[in-house]
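What follows is a set of structures to go through.
Look at the two complexes coming up: chain A is in both, with chain B in one and chain C in the other.
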Partner chain A sequence: MVKEIERAGIPVVHICTIVPISLTVGANRIVPAVAIPHPLGNPTLSKDDEKKLRRGIVEKALKALQTEVHGQTVFDK
Partner chain B sequence: MIKIVHYINQFFAGIGGEEKADIKPELREGIVGPGMALKAAVGNEAEIVATVICGDSYFNENLETAIKEILEMVKKYNPDLFIAGPAFNAGRYGVACGTICKEVQDKLGIPAVTGMYIENPGADIFKKDVYILSTANAATGMRQAVPAMAKLALKIVKKEAIGTPAEDGYLPRGIRKNLFREERGSKRAVNMLVAKLKGESFETEYPMPDFDRVAPNQPVLDIAKAKIALVTSGGIVPKHNPHRIESSSASKFGKYDIAGVMDLTEEAYETAHGGYDPVYANLDADRVLPVDVLRDMEKEGVIGELHRYFYTTVGNGTSVANSKKYAAEIAQELIKDGVQAVILTST
Partner chain C sequence: MRLELGKVFIKDMQFSDQTMVKDGTLYINKQELLNAISGDDRIQHIELDIAKPGEATRIMPVKDVIEPRVKVEGPGGIFPGVLNKADVVGSGKTNVLKGAAVVTTGKIVGFQEGIIDMSGIGAEYTPFSKTCNLVITCTPIDKLQQHEHEQAIRFIGLKAANYLGEAARNVNPDETKVYETLPFAEGIKQYPDLPKVAYVYMLQTQGLLHDTYVYGVDAKKIIPTIIYPTEVMDGAILSGNCVSACDKNPTYNHCNNPVIEDLYERHGKDYNFVGVIITNENITLMEKERSSNWTAKLAEFLSLDAVIISEEGFGNPDTDLMMNCKKISAKGIKTVLITDEYAGRDGASQSLADADKAADAVVTAGNANEVIELPAMKKIIGYTEPADTIAGGFAGSLRPDGSIVAELQVITGATSELGFNKLSAAQL
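Moving on, here comes the complex of A and B:
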């Protein structure tokens, strides 16, 4: 799906837990997520801390969308 | 007697479904689950001495630890052969089978074989490193897959000559072998061309690799003015799944209006996805589709606007062809609506 959206000309960032799968399907901007059943959350945290964690991941995704890349790039910092 | 260690996931071990996908590696003596069929297939030539069971989510989320733990377990039995799966079209299971087979081969020097459906992401990642028997896309293909896997595995361990992918039923590994043919190349090429012109079937001798890569688009220049859309393969839908998107092999995608929705609440949203434990997403769907955070960012002026609709489907077992089709349709709508960037989330 990521690749088809990219093909249509829209920059796209893939937030996903299993990065090797994202690499093999051909996503260009990849942000690693937390866990399979809760990629953008962590139920062991308080609501506030969980939202902060989620915001952190979305911020990375926005940074990825604003970064020029020349090939597949994993934004894990 | 050839000693085999068999690797399976929590589901095939009969421990449980997605709610048990986080179990740690466990070692059992002898046969478990599909090991029965494997035992029948190897007959008197080999014996399954132990079975390693691991939850699919645990394996993929704790790759390094899981590999270490499992290698220790396998080492204890010093087997002649390692067999994983078959995983059919189960994505995380396929990646686990491929990963552990490669590790067992490379680190322990024990030949390893697995089986999966050609569209399993594990197939693409590991087909060059590991013999992967080509199976059907669902466990209904067990009866065909296991004997073929056993046959190939025994050939490998006995160092017999392995046939071509077509002969021995494994996924092509990209290996070329020199051989002599009766007819010279020019003649074979012309024969192929004639067959092609007549509309007859022919088999190429050098299939072109399928490098379907798309170059990255230019970045978003002014994110504070950009309209951003959310898309997910994680199956987030309004409560009760109004369009009945299937829990696996989805035949459609959904488009839902989130104008005025500040937060995906337990009362209003859930997941339709059948390939992961739905508890956490059902309690708070923002854990898969971060609407709450993007609304905050919209208010603060970090982003221009969150697009009025989100698009969703279930990635579980859905064919590559369908996924492509849905995304192509979604992309056309997004372009028409002036969306400048997409955040796509996957579980």
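Moving on, here comes the complex of A and C:
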């Protein structure tokens, strides 16, 4: 899906737990996620802390979307 | 560590008033077996059946298959750390009822459970159509949580295998095979000119009904470690998995791991088989990195020349497989991988979710997406309704006449990544 949408000229950020798979598939902007059963959250955190975590991932993804890349880039900082 | 495995060949199975083996038949006292496996108040009813090769019987949804074994000499008991004390097993003598199996079924626990047909085309695809099966159908109490349900059935299956295994205790085996692995330093000296080979044994441990246990320890919590191959034959590793039926390793397959069998067969001839590294398949990238770092470190520590790596399941574990391959190869150690494929119904899609250049020797156990048709069966043990919802099934899989059309994925053990079946592929 990532590749097809990009082929249509729309940049994509792939938020993905297992980054190597995303790299193999060919995503260009990759934001690491939390875990396979809960990529965008963490049930062990308190609600407040989890919201912080979730917002952090979304903001990182939005920033990645606005960042020019030359080749596959993992936004793991 | 040296184990004598005594095989008592079982060609028939019957209910009787006494549990015993006589002339290749396993007689089972139904009430005594029920007493041995009952008592869990999470299960309201247990039904026992026998399914034999060639019968028009379908068992589904199958959770686990277990081989009855008993420790005759040496420390510990079968399934250490679970049914017995956590003594180190794998030495002395073990008797096995070869040709008999315990199969657990009942209301579906997770969505990834399987089908065993005892005849017809479906029987060709599963190794458990060739065994005489004691089938246990468990009905849970209402509103039992899935993980509790899974645990209850797992223990009932293990207890049944343990009970039946006792019937082999005082029987003279029809055939005895000896397996021995020396302590590492002695083993290296034994065949100094042969390549040192180990087996990297990946265990499905993603949690949420995808779990494997080592001496009773939930393997998602281990860091990779070393185990003698004969420990595995005594039930040190067992399945708590509700993963796609075709490529999960039932407890039966762990005890009969063909990679271990074959490495022993060629030990001292082509290889020096030094031992087994067990590792897991976890759900975060850091865990995957950590475990693959450890397998590579252990492979280097053992000064190996080559490893065989087997995967369990598919999808994100493909990454664990590739990480193990890449990192072990980077140490200058040759790798051969065993996996299966999800290449689409036409076989034209990418087979694995991940890939790496280092994976240049790969054995496949078949394409799990292949669509098959299973004829209706006269007798059903369990329930056919889950056919539409188990992994590999789809809306309309169960037809009104009782036949099933579904992906090969639904058949228990069809694409075993331990090679415990007949499917593979050759490059043309």
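Things worth noting here:
Just so we're on the same page, the second predicted complex is superposed on the first by the 77 of 77 C-alpha atoms of A that agree within 3 Å, B and C clash if a C-alpha of one lies under 4 Å from a C-alpha of the other, contacts with A are read in each partner's own complex, and residues count from 1 in each chain.
Keep in mind that, in the parts below, a residue touches a chain if its C-beta (ideal position, glycine included) is under 8 Å from a C-beta of that chain, and two chains touch if they have at least 3 such contacts.
Being a predicted model, the structure only gives us computed values, none of them experimental.
More chain A residues lie in contact with B than with the other chain of the pair chain B and chain C. By the touch criterion defined above, A:43 reaches chain B but does not reach chain C. When the two complexes are overlaid on their common chain A, residue A:21 makes contact with chain B and with chain C alike. Of the two partner chains placed around the shared chain by superposition, chain C is the only one that A:32 touches, whereas chain B remains out of contact. By the document's definition of touching, of the two partners only chain B reaches A:62; chain C does not. Comparing which residues of chain A touch chain B with which touch chain C, the overlap comprises 17-18, 20-21, 24, 35-37. Every residue of chain C that touches chain A in the complex is listed here, in rising order: 206-208, 283-285, 288, 316, 318-319, 322-323, 353-355. On the side of chain A, the complex with chain C involves touching residues 17-21, 24, 32, 34-37. Taken in their complex, chain B has these residues touching chain A: 18, 21, 57, 60-61, 91-92, 95, 121, 124-125, 212-221, 223, 226, 228, 231, 233-234, 276-281, 283-284, 286-290, 292-294, 296-297, 302-303, 313, 315, 323-324, 326-328, 330-332, 334-335, 339-347. By the touch criterion given at the top, residues 1-18, 20-22, 24-26, 28-29, 33, 35-41, 43, 50-51, 54-55, 57-58, 61-62, 65-71, 73 of chain A touch chain B in their complex.
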